[in-house]
Amino acid sequence: MKTTMKLMATSCLTLTASMAFADGHMANEMTIVSWGGAYSASQQNAYHAPYMEKTGINIINDESSSEAVAKLRAMNEAGNVTWDLVDVEAADAIRLCDEGLAVEIDADEVLAAAPDGTSATDDFGASLISDCFIPQIVFSTTFGYRTDMVPAGTEPPKGACDVFDLAKYPGKRSLNRNPIANMEWALLCDGVAYADVYDLLETEEGQARAFAKLDTIKDQTIWWTAGAETPQLLADGEIFMGSTYNGRLFSVIAEQGQPVGMAWDWQMFDLDGWVIPSGLSDDRMARVLDYVNFATDTQRLADQAKYISYGPARASSAPLVGDHATLGIPMAPHMPTDPANAENTFYNNYTWWADYRDDLDAKFQAWLSK
Amino acid sequence: MSDKMMAADGRPLKASLNRALRRQKLRALALIAPLLLFIVITFVMPIADMLFRSVENEIVSETLPRTTIALQEWDESSATPPGEPVFAALYTDMALATEYKTHTRLGSRLNYEMTGISSLFRKSGRGVGKFDTDVYTKAFQDSNAAYADPAQWASWMADETVRGQLPMTADAYDAWAAMLISEEGDVPAEETPWDFVFTALYLEASAGATLPVDVDVSSVEPVSLMAQFEKIDEDWADPEVWRTIKIYSPRYTNGYFLNSVDLMKGADGIEERPENEQIYITLFVRTMIMSLSIMGMCVLLGYPIAWILANLPSRTANLLMILVLLPFWTSLLVRTSAWKVLLQQEGVINDILVWIGLVADDNRLQMINNQTGTIIAMTHILLPFMILPLYSVMKTIPPSYLRAAKSLGATDWTAFWRVYFPQSVPGIGAGCILVFILSIGYYITPELVGGTKGVFISNRIAYHISSSLNWGLAAALGTILLVIVMLLYWVYDKIVGIDNVKLGG
Amino acid sequence: MSGLPPYASTGQRVWYYSFRVICGLIFFFLIAPIMVIVPLSFNAQDFFTFTPEMLSFDPAGYSTKHYQDFFTNSDWQLALSNSLKIAPVATLLSVSLGTLAAIGLSQSHVPFRRAIMAVLISPMIVPLIISATGMYFFYSNPYIPTPFGKIELPFTLTGTYWGVVLAHAALGIPFVIITVTATLVGFDQSLTRAAANMGANPVTTFFRVQMPLILPGVVSGGLFAFITSFDEVVVVLFVGSAGQKTLPWQMFTGLREQISPTILAVATLLIAISIVLLFVVELLRRRSERLRGMSPS
């Protein structure tokens, strides 16, 4: 028994000792959190690699963005923030900012001005939706359809409202399993003017109307939770059309050569960008700010578009978008911001959703389970 | 002769036996202690810590301490918002909370209860520094320069008589000083107090309190703080907002638990949630029914397999056992994806059925993204948990019993049903509880193949933890789920005994 | 079941064969997903789809690129090495502590036996998502509760190697406890007394007498604990961070972000390893049966 006890005591000691030292943050390291997959790869190529080369700082990729909001909050409660920079969607940035989990920044002070001298505030413009949010890309939730499943003699679908037209385009659809975007499209395609959508959605009647519109396609719809689902469903021919992020559709069409077409009309514009967690020490903060300044300048943002078909959040980056890094095709026509695609676009109203998300989500889930 | 039996060492036998027993008990406990301690620290305490969040509600009274006290006077069933003193308290609280950046956090907390409070607090945080109350500051400082002197303020506020005469001002000053030190890193004795301190001073002066240096501020037009707040957002005049704040001001709340059974706290007690928001009861019931169906399927499919494994020669049985254990050891995520490939409308099974001609090509079976999909995939995932305990019980039933029954004239069915089956019941019990308990906690598989009607309560728990940040509600839902599981565990222990589970081997 | 007696009636014959067919179908159900996984891992496309080329056995429809991806991609390699670093240590912890406790529990006089058993089994019965979040909160800021208040510990466990190991060890313990206590039910206590009689001290008795006999239970408990850690995604997603990314985590991001049959290639490799492991268990079991056969009982 004695030996066992001794063994246990030793292992306990080593355990505590190694735990105490396990977490020393290396002076020359930075942990950046992102989504993983092709998206992280594009950031690695466009931002991380040149920055590491320039400064010698080692960047560690953490692919926890889908868990970022919850994890940041727990880190904050524990007073031990191990992340230096986090990639989140705009809606989550607002939530993190509201919770005091992200640092408020002064855009003109932190971010580089455009090459022609335009201030960062003007260059980023409307994409600066929250005091904590540092915009990176514009992406959109839009529709892809199987070109070989379009009924003969019918023109291919153009956009969101064709999803509701079961007579013209029979077949299954796929939509995101949460109210954001779906509620807006439902009202818009029910004949509500673009400007009135959010006002109407605030009312019980407006919500009922949106649900009634969604009811018409409910039993033909597969509801997805991960962005990779719609591409897989399209590749399988399981659905006729479905919503997903435009970069995923680009990859299905251009990289995988699937018989899939894009329907851009009323694409839902959305933003993705950085937030800096609150609670960083001064020297870590300084390093992060330096990185952010580097990674969001006009040229870098344009560079990212070489690897993935998301539009740069800066106006001044748009003309610099070149060809795809491996396929060699021009990327501009695949950007959600391209004039040909952006004829009708829907701008997600994040601040509105910050208020109504809890309420509408409860209603949406209740509706789904009926 | 002594009536006591003696042990070899001359002690009374009874005492000696007792000592031995005690030593044995201690030794057993010493062996168990390390693990018990380990589990308590790494597992039980985390769970307890998490469940505590379901009742904790300190955020309201910590962020708005003065307002919650002032609100006690206000009748929450009234149709008018509370009066000026409450708004004065809110002003101080809000000004401080904005500096601590806690107002938006409280806003998102209260937004769970009433839609719109989130932006109300965000807007108010921005507006609260721009109130017209700077006229008070100006009036005091213009009348006497002492009021503009930070050092003078500091010495007043250290003076007990001044503090006694101006309790509200002293309170506001203290809170301001504490905030200044912690948030701005400034020294209070070098900074002039902010407007809300002067507002408190003005309110107390106009109520007739003695000032440290007498000045006349009666000429200053009073600023209605209620009007100031309403200017930011007219929702501040909505008694519903105040009712929500008041109802959720206690440090502990049953609100999350009410919420998790589709109830809510209304003006006069507990009431039902609007019908279009009721979801949790449905989900609990669905989780139970689905878990029961999965359990039933597992018994149905597991029983023959366990029987055949228990009755075949051991070499064959062990080979077949590999077929049971292989899927068990294949990643759950991969198996779930494989079921998607198999079950979807353009999937393998439908293709085969169409090829055979059993199903028309335009009328393929819908086997996924509904309850069928969840039941099939989950049954597959949990089947080994049914087969293994059943198998280990069946292994102990001597085959001679069946032969004896038959030689006594029982038919095959009677022999099975009256002799064999009753002896295998503990195995069924063990398997059932294991499968049921595991299935009500699953969420990744239902999320991937469940569609709209196949999701479980755990999916909502996961949503509230990772997306909506409503951890209190997640904890309450989790507690309810845990209580159900504990009840089942208790029943299981009563019927089967926890020692009687065998997992192969 | 060992065979059909020659005097069986037609009904019995029909039942005998149809029962075997039913069992065959259920076995088929059990391995059906595996039969999909293995061919799809050789898919030439980046989807989980049987392409027309694959169905017509055209070699162009098949490729080993997903295996190449697994062996060359640093993310997958990191995940594999993390899994291999975490699972054995977690298993070792749960097996060593669990076996000791199981021996303690199998003594004849244990106070509060039921309650202790319930606590030790609890990691299996608490739904995973609750465990994950609870551990997350607590490991972020561990403390020791005392009657005088909390003593906060000066370190954090979330995002550390030991955090994940401890969490996985806790999840694996019920399996060890259950299997080892089950083996000990059949253990003849007079053997330890005999060993003590002949002058062996408790440690020697344990390693020379008890251990070889309960080894199969310990090994199978250990394998369950190993698989629990090796296939666990919910807890590691919460408690771990980039440095502790395990295979299931990598698979999970793979399924969310970019569907890639590399996941299937990994699964196929793991299935192959499982088969090897299962044979090892089977060999061990046969060995222990031989040992048991020799023990006087």
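The chains carry the letters A, B and C, assigned in the order they are written, with residues numbered from 1 in each.
In this text, a residue touches a chain if its C-beta (ideal position, glycine included) is under 8 Å from a C-beta of that chain, and two chains touch if they have at least 3 such contacts.
Note that the coordinates shown come from a computational prediction; the quantities given were computed from them, not determined experimentally.
Steps from chain A to chain C, taking the shortest chain of touch contacts, total 1.
In terms of C-beta pairs in contact, the better-connected of the chain pairs A-B and B-C is B-C. Chain A and chain C have centres, each the mean of its CA atoms, that are 36 Å apart. Chain B and chain C have Cα centroids lying 28 Å from one another. Residue positions 1, 66-67, 70, 236 of chain A each touch two or more of the other chains. With touch defined as above, residues shared between interfaces to two or more other chains in chain B number as follows: 30, 34, 448, 465.
For chain C, residues touching at least two other chains, in rising order: 48-49, 100, 136-137, 255. For chain B in complex with chain A, the touching residues are 30, 34, 101-102, 104-105, 107-108, 111-112, 115-119, 122, 276-279, 282-283, 286, 344-347, 369, 447-448, 451-453, 455, 460, 465-470.
The residues of chain A lying in touch with chain C in their complex are 1-4, 15, 18-20, 22-23, 31, 33, 35-39, 60-64, 66-67, 70-71, 74-75, 77-80, 82, 226-228, 231-232, 235-236, 251, 256. Interface residues of chain C facing chain A in the complex, by the touch rule stated above, are 45-49, 100, 136-137, 140-141, 154-162, 202-203, 237-238, 241-243, 245, 253-259.
Taken in their complex, chain B has these residues touching chain C: 21, 24-25, 27-32, 34-36, 38-40, 42-51, 53, 301, 304-305, 307-308, 311-313, 318, 320, 322-335, 337-342, 348, 380, 383, 392, 399, 412, 437, 440-444, 448, 458, 461-462, 465, 471, 474, 478, 481-482, 485-486, 489, 493, 498-499, 501-505.
By the touch criterion given at the top, residues 1-2, 12, 15, 19-20, 22-23, 26-27, 29-34, 36-37, 40, 48-50, 93, 97-98, 100-101, 103-105, 107-111, 114, 116-131, 133-139, 145, 166-167, 169-170, 173, 175, 178-179, 181-183, 185, 216-217, 219-221, 224, 227, 231, 233-234, 247-248, 251-252, 255, 263-264, 266-267, 270-271, 274-275, 277-278, 281-282, 285 of chain C touch chain B in their complex.
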